[in-house]
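Across the two complexes that follow, subunit A remains constant while its partner is subunit B and subsequently subunit C.
Moving on, here comes the complex of A and B:
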């Protein structure tokens, strides 16, 4: 099927077109980040790296980025723990209505995020914890719990139970078996679930929008505000750093844990 | 004891093991509890509250459909709903057409190219939506590369305003949804056994006939998964129309959010977002039924 020349030219051409569409805005963003003047233009009127040194001077973006990293780290740890334990229960034991439970845990992803944000802020106002740091984290955990649940479930389904039985029959305590055998087997699922939870929390706008106020703020909110109010190339420089760091992280995680094959739906 | 009396151990040991296993099994089942409690308190309960608020009318006691009647009588809401659903269908179709060839190319590509493309797809998936929309703002801006090119080629005399329009929103939504379409289709292509299309080839089918009659029908589960995901993503879009659109190209999520954030009218905002969710699920249900019918026809 792949040998016929006309087939290869046509599919290759169409795929190239789609991929060009996918990377084009990224390449343009990287290019304009080296703009020398105060305004974005394409091609850049002159080359400079000065905007990279100015990111830190926009205190709101810098502080919001630090806060977003903290929120994303704590959310990802909580979501991976809750989602991982739930995956263990769903794969390793027969839970009544297990399928329905799994569907409910995975459902926040398919609801409009604005619905989750609106529902949560009303709830947080009612119980008196609105606009607190932890309420923001809770909102993010609700959204991201589905990702570690899915990746750890697939890792558990791929794991070899006989190795656990071997460890158990050699006298290992249940927790030792879990720590030394199970965890080692599902490591790729844990890593990719954690990574996705972190990235999706770090990037969330529609839920955070309802949960933040005043000095409690996040990177996407401040980046959005800056883009709305300024025409300088700082967002382009910020985006370039973001994409470079992200590509490095994903390439590393793929090399070490083969996360991509785990995340591809089956 | 096991070491001292190896001969007499079989039965008690087996009983002990099975008891422990049973205890372990129920113990493992309990691991669901933290996630379940968390989701019940911070997700299900707030959503039930939202649904309940949408069924309250300030002018009437008890349950009332007043909010829904008033929302559905608003021409602005109906026009926004129509725009949201129309652009969502359109973006899903375009996303499918752009993504399928990429997935197809992936299974025929060498390992290095395949990994590179998959990493690009993953980076797109995980790259901040704000960052990606910003990229389109730059690309489509008056001084951006597309306008520069069109002016340089003499197609336009002066740059044309492309941002803050339905078209700009559509392009950015397709860009956002593409990875969610590529991955499930690629997943279903990977599972195909090469022997299925080899058989068709041996029997004399052309590559195009093989693709159309053998490969594409067998990847329908992946297409179904991708279409469902992309459509849900598009209907609930919020940031993209906010950044690349104008007030006149708003999506439903935007007017629902504004009801709460600007008008402080939680019941009305709730009713609007419930209507959006119901429409999305209804359309996906119809689509699922249609796919099952056609799927059966293929078998």
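Moving on, here comes the complex of A and C:
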């Protein structure tokens, strides 16, 4: 019954609509970035690439983007290392209250970001490190650690412990086993966790809003400031570059580590 | 290769005793099988030898050295897992070289040893392949090559043929046996499959409830099991409760609960004592008339015939529980149809006598 032609047309149509809904904003952004007039409009009134040459007119955009990349890189490295270690402990050893520990580590995902931002800045002021670069990184680690924790946990659960035991019996000390066998088995989880952490940190506005002041700033903060005061398509041009670069990165990671199809065993 | 001694090894998980106290010696170059139902502690014993399980007490000695507290990577024990546990991100060559690299051998030596071992297991052309692109039998041989290339003191095999299909099992059985003999491997095979144990090992240790209940050569164990449970496990047999009527010479006469009178080897019990008699299905002969001069024979009716290829199981209804006889397909075809009257007979020497549990 479910193989009926009409059924397939309906489900296929619905799936197509859903995908279109997801892709549409991206297409609009890209189209708008080539707008000829001074204001955002859709459909475009004329085509031009001039906004791409004016990205530099967003206040401190170069400095802010560079800082966002640095913050995202360091946060992602820290979150992936710490989240990975936590995942190892949660999956491989019987730690007391393991479920509770996992829930606490994952909690920032389910809390309002504004609340986390407020709590973090009050905490940083109390201990005297507010508005420093490292406080911003620590704030982002708190936010993103849940992602690598999750992806590495799944990867560890999929990995065969017997491979590690085989390596042990062949003369490999525990750390060598981790380096030569475990890491290769969980690589897709590590890479996807790192990418998630990087992207979420790089893109974060609500938490950064509380944590930056003065010379410390990030890309989303400056982009929002610009949008607040201007209606020109420059942010669309910036976003288009952003989309292209990130899509390339994700495609590369998928090709090499199959991060999207992680759940399908090789 | 080396001698292995387990001395009164006790293992428990979370306070539950799995192995109450097991002692076993495997001689240098000997191949022994631990055979038993799942949960009997055979895999735990294997893991204790490999070092993945820490005994509560007792000792594990390999080649005379106490290894009880040594971590797995310092024991020089080769392990072949049931699921092979090949490193999926490495080629066949890299898999086999893994243990040699850990032992920091020179590159040229590693290459030579890997090539030699791959040739030994007939996998020379497959060095650059990944495990995912190999068949089950090939993976099994890679796992074997990876374990023996490091010249382990003891080779441990966990259900080595369990994942292979029938034809491949038979081939691997022969291959494994040849390899074991040629290299003089000291090995322990853990299995729940009696055929695997009986065919591969020089001695078979039958395990129940965390302990070795019997140990001996495959033929002795099979033909003269010491307990009813052992006989049951080594090929389901037919058993019946009986009493000893008379003992004379080396033989005794028994009357079963169903009223059959059988002659068998002399009884461990005194006259009038209760025993359990067992007969293996392949020892029972079926014939249309009472065979002349048969000491043990009774009449029944064919209840069912189950075709199994070269042989057939014939179930015979009589006064007692259904009797299962294993006959060649050829003879099953002759007159052994359901409801046909049939005589079951067996030699006195084929009767196994056990002291009754009660």
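Assume the second predicted complex is superposed on the first by the 254 of 266 C-alpha atoms of A that agree within 3 Å, B and C clash if a C-alpha of one lies under 4 Å from a C-alpha of the other, contacts with A are read in each partner's own complex, and residues count from 1 in each chain.
Everything below uses one rule, namely that a residue touches a chain if its C-beta (ideal position, glycine included) is under 8 Å from a C-beta of that chain, and two chains touch if they have at least 3 such contacts.
Predicted model only: the values in this text are computed from it and were never measured.
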item	value
Contacts of A:246 with subunit B and subunit C, given as first, second, both or neither	first
Touched partner set for A:211, first subunit B, second subunit C, both or neither	neither
First, second, both or neither for A:88, with subunit B first and subunit C second	first
Touched partner set for A:155, first subunit B, second subunit C, both or neither	neither
Between subunit B and subunit C, more extensive residue contact with subunit A	B
Touching partner for A:108 - first (subunit B), second (subunit C), both, neither	first
Footprint overlap on subunit A, where subunit B in one structure and subunit C in the other make contact	174, 266
Touching residues (chain side subunit B, partner subunit A) in the complex	24-26, 28-32, 34-36, 38-39, 42-47, 49-50, 53, 98-99, 101-102, 104-106, 108, 115, 117-124, 126-132, 134-139, 141, 143-145, 148, 174-175, 178-179, 183-184, 186-187, 190-191, 197-198, 201, 206-208, 210-211, 215, 222, 225, 229, 232, 235-236, 238-239, 243, 253, 256-257, 260-261, 266, 269-270, 273-274, 276-277, 280
Complex interface listing, subunit C residues touching subunit A	50-52, 71-79, 81, 83, 85-90, 98-99, 102-103, 132, 146-147, 150
Contact set on subunit A toward subunit B in their complex	1-2, 4, 6-8, 11-12, 14-15, 17-19, 21-26, 28-29, 32, 40-43, 81-83, 85-86, 88-90, 92-95, 101, 104-105, 108, 110-123, 126, 138-139, 141-142, 145, 149, 174, 196, 199-200, 202-203, 205-206, 209-210, 219-220, 223-224, 227, 235-236, 238-239, 242-243, 246-247, 250-251, 254, 260, 263-266
Touching residues (chain side subunit A, partner subunit C) in the complex	160, 162-163, 165-174, 176, 180-181, 184-185, 266
